[in-house]
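All chains are identified by letter, namely A, B, C and D, in their written order; residue positions are counted from 1 within each chain.
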Amino acid sequence: MRTRLPVIICGVFGVFMAAQYFITAEPVTAMYRAVLDWMQIIFVCALLVGILNVILRQLKSAARPGPDRVYAGIALFGIALMVVLGFGWGIGRGSAFLWVFNNVQAPMQTTVFSLLAFYVASAAYRGFRARHFESALLIAAALIILLGRVPIGEMISSHVPAVVSWVLNVPAVAAKRAILIGIGLGMTATAIKVIAGLERAYLGSRTR
Amino acid sequence: MSEIGVWITALTTLAIYSFLYRDNPFYKAAEYLLIGLTVGYSLVISVKTVLWPGLVLPLVGGDLAKIIPLVLGGLMIIRLVPKLTVWSRIPLAVIVGAGAGVSIPAMLKARILQQMGATVGHVASLNGIIMLVGVIATVMYFYFSREQKGILQPVAKIGTWYMMIFFGATFGYTVMSRVSLLIGRMEFLLGDWLHLLGG
Amino acid sequence: MRFDRRYIFLAIAVAVAVPMLFPIGLPVAVTDETRQVYDRIENLAPGDVVMFSFDHEASSLPEVRPLAEAVLTHCFRRGVKVIGLALFAEGAAVGYDILKDVGEREDKTYGEDYLYLGYRPQYSAAILGMGESIAEVFPADYDQTPYEELPLGQRVKSYADIELVVSVADGSLPTYWVEYAQARYGQRIVAALTAVMVTAYNPYLEAGQLDGILGGLKGAAEYEKLLGQPAAGTRGMDAQSLAHLTIAILIILGNIIAFARWRRGKSGKEGDA
Amino acid sequence: MSLTGGVKRLTAIIGAVALAAMPKTAFAADWFAVERTPELVAVIICTIVVLIAVLTARNRKFYVRPLPGLEAIDDALGRSTEMGAPVMYITGWGGDLARPTTMASLAILSSVAEKSAAFGTPILFPSHDPVIVSAAQDTIREGYTSAGRPDLYRADDITFVTQSQLGYAAAVDGMMARRKPGAVFLLGTFEGEALILAETAHSVGAVQIGGTDSTIQLSFFLVACDYTLIGEELFAASGYISGDPLILGAVRGQDILKIIIVATLVIGVVLGLFGNDLISGWLN
């Protein structure tokens, strides 16, 4: 039962979900929508477990003396704030919940995102080394696009934009297509292995 | 945006940027605040938009079909009891199986057939030929059953050239978006907060 | 010894901040892609309706807001009516702000010249549904006024009454617009995208499934130039150029240093491999 | 008759036969999505090829060429052990458990868990997805147990952090700065957070092994990580690392499909040059 039942369930759902793609009959599409719905609810239930674990973990470290209790307190405050505002006064427009989202959460997220501008630069400095022909190509392509897409490139030569779009639309697209084909094959093969019960790492079991 | 909002935003923004110097208490405080807010946010949103209208209300309304997701979700929740974790394998199997099943035709279409179709579509031009050579060489780069020797070696080599151009180009154009984000934050710090920008 | 990367961070911060404080005013050349979008709007007749869909998350706002503002301004100046909506929850409040800001700046009346529908989940269903009836998908606008009580709402029933859809996006939503609204209802579509997404949509433009693509902060700057009204996009271009240049220099510098070390190692002196 | 004329005629005949054989008429039942026939054919071909390759693999072991990224795993684990540091394993914010990429990553995780347990080095697994956490807990616990070190398992190391992409990135950054892992595995579907994590991992001195199916993030991994599994290599990796003959058989199946794809492309192009768009029509 520990692995057999899950593997059978996995196989049944796998075959059904692959088959429904080709079938237009209403009972099948209704079942398909139901399964999507179940997946969503399973996810939310797992989310509740996850969130409960986060809260317990923070409570535990808030209870322990030491500098970490302050941070745990901050995290708990954040959770409590959103929960109280969200369940107490709603999440619609003009609500305090949205105000916190717009003025605190969203700008913080954008700021974390913008750290990338710095990281891109440091990765560029250390990662691009012309050790052989291939890496020289990598660098050349990066430099062309980097400069060709801002006013500076247009100042260097009026042909730059044309070169940029050729690189982006011909060789780069060819490689991207081939990589996508490879990934598609890998995904398909993995999915087949999983449905056939050959790959069971998600159950923690490797042996058949 | 009210003045207090601007100040809160500015302080949290600076706290996050301070990580670029090194890890420090301000960053750590911002990090925990962000964890707390985002966890609270997703709790509220998922209960209010999924669990309540998608499970609770229908069940209360007598929709017996919802007993299945109730059971599956329940099996997930009893993971909280360590001895019962084994039961959560059933909902996990549903997600993995259904996900694998859905992805097979979808991936074959979007990642393989459409890409092949686009390649075969317009070959009667120099660019079309350059493209075809690139696709075939790069696909063969991923041929695993043999060492890259003999005929496979030059083919895989050409494939790497194409990939390097692609990766370089991707890097270059992604930089644009990332820098724009920083510009946006700078506009906020220098303009909305410090009022240093004209206009 | 490893180079302290914090100098690199500092260089980027300076490259972005200094041109904002002291603008250089680098000339912006307009690309054909941007001109195509501009001409598309320019050729609309006053009274035509354009739908603006805010299909992005809050975190990409710095990039998409200038794009949306530029095109919206153009529409309002042409006397074109605008219906806004959001297919991502995070875009909902943001879209409303942008639309209201530009609408008020251009002296337009809510309900008559523009309106905002708000957010609907399940985007494929929403896009398909509006092909039959907008009022059915959005019974009321964002302020809970019944759709059909708004003057613009009475006039615009479905895609048949809409000249053009502008999808302001940072992800895959324009694909859905093409696959559902364009393929099924023949709706014409323009995509205003973050720079990262542009190459992903070039094939749609080539195939004629999109009427135009406007991409990234550079696209916004070009559009502002065509409008003759420099704004956020143009302001950002100096910083954008300088940051790109800095990164390019860093790549070259990294190689020069590595090469010098390698030479030193080769000539028998101490050096790292 | 000229050569081109002959080929033209031949392709026309082949085209007519193929058209007649097309399932449009055969499956005209109203419950079948006729326009999806090409996908159906592709699904059938893929399933047959992969399953046959797997079944043949029972009798003979297939060769898979070594992938540098995978050979580096042992070194990375060894290095972590020497430093007395944990290893960190991340499946990427862009994927959920329903995505085959995540499944492939978990398969690699199970081997990594077994090896790291043998070294006595714990794994940190912060995740954005509570369902992945549940699966990973089972995977890691089982890996530790089969290496004889169930005592290494701590549920608190394999945890849900937050769903938010950038909240998650900020938290993992902090975790890396404080726990200083010796090796960081970034295997799965990544989005914008990819480089934030890879650069921070580098700054704390960790060996980074990256691999993703996201074409945009691949370029960042290639530049920032010490080793990168490019696209499909990530999927082949689970067969290679487990050494399981049946899973190696599936890799063999992928290779056979590649030959079929290349052949189809070549035939399609040749037909196209002679004005026959049979294959391109089918694919589009």
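The criterion applied here is as follows: contacts are C-beta pairs under 8 Å (C-beta built on N, C-alpha and C of every residue); 3 or more make two chains touch, one makes a residue touch a chain.
What you see is a predicted model, and the numbers here were worked out from it, not measured in a lab.
K.L.:
Which of the two pairs, A-C or C-D, is linked by more C-beta contacts?
P.N.:
Here the pair linked by more C-beta pairs in contact is A-C.
K.L.:
Which chain's centre, taken as the mean of its Cα atoms, is farthest from the centre of subunit C?
P.N.:
It is D whose centre lies farthest from that of subunit C.
K.L.:
What is the distance, in whole Å, between the centres of subunit A and subunit C, each centre taken as the mean of its C-alpha atoms?
P.N.:
22
K.L.:
Taking the mean of the C-alpha atoms as each chain's centre, how many Å separate subunit C from subunit D?
P.N.:
Each chain's C-alpha centroid was found; their separation is 32 Å.
K.L.:
How many angstrom lie between the centres of subunit A and subunit B, each centre taken as the mean Cα position?
P.N.:
Those two chain centres are 2 Å apart.
K.L.:
In whole angstrom, what separates the CA-based centres of subunit B and subunit D?
P.N.:
So the centroids are 15 Å from each other.
K.L.:
By residue number and range, which residues of subunit A touch two or more other chains?
P.N.:
18, 21-22, 39, 42-43, 46-47, 49, 51, 54, 105, 108-110, 112-118, 120, 122, 124, 126, 128, 138-139, 142-143, 146, 149-150, 168-169, 172-173, 176, 179-183, 185, 187-188, 190-192, 194, 202-203
K.L.:
Quick check: what residues of subunit C touch more than one other chain, meaning two or more?
P.N.:
Within subunit C, the residues that touch at least two other chains are 5, 9, 12, 16, 59-62, 195-196, 199, 203, 216, 218, 240, 243-244, 247.
K.L.:
Listing for subunit B: what residues touch at least two other chains?
P.N.:
16, 19-20, 28, 30, 34-35, 37-39, 41-42, 45, 76, 79, 89, 92, 95-96, 98-100, 102-105, 107-108, 112, 116, 118-119, 132, 135-136, 139, 142, 163, 166-168, 170-171, 173-176, 179, 181-182, 184-185
K.L.:
What does subunit C use to touch subunit A in their complex?
P.N.:
3, 5, 8-9, 11-13, 16, 26-29, 31, 58-62, 90, 92-93, 96, 142, 195, 199, 202-203, 216, 218, 237, 240-241, 243-248, 250-255, 258
K.L.:
For the complex, which residues does subunit A have touching subunit D?
P.N.:
Answer in residue numbers: 18, 21-25, 28, 39, 42-43, 46-47, 49-51, 53-54, 57, 105, 108-110, 112-113, 115-116, 119-120, 122-124, 126-128, 138, 176, 179-183, 185-194, 196, 198-199, 201-206, 208.
K.L.:
Within their complex, state which residues of subunit D touch subunit B.
P.N.:
So the residues of subunit D touching subunit B come out as 36, 38-40, 42-43, 46, 62-65, 96-100, 103, 131, 134-135, 137-138, 161-164, 166-168, 170-171, 173-174, 177-178, 215-216, 218-220, 222-223, 230-233, 236, 251-252, 254-255, 258, 261-262, 264-266, 268-269, 272-273, 279-280, 283-284.
K.L.:
Touching residues of subunit B toward subunit A in the complex: what are they?
P.N.:
1, 5, 8-9, 12-13, 16-17, 19-20, 28-30, 32-48, 50-51, 54-55, 65, 68-70, 72-74, 76-77, 79-80, 86, 89-108, 110-112, 115-116, 118-119, 127, 130-139, 141-142, 159-176, 178-179, 181-182, 184-185, 188
K.L.:
Of all residues in subunit A, which touch subunit C in the complex?
P.N.:
The touching residues are 93, 98, 102, 106, 109-110, 113-114, 117-118, 120-122, 124-126, 128-130, 139, 142-143, 146-147, 149-152, 154-155, 158, 161, 168-169, 172-173.
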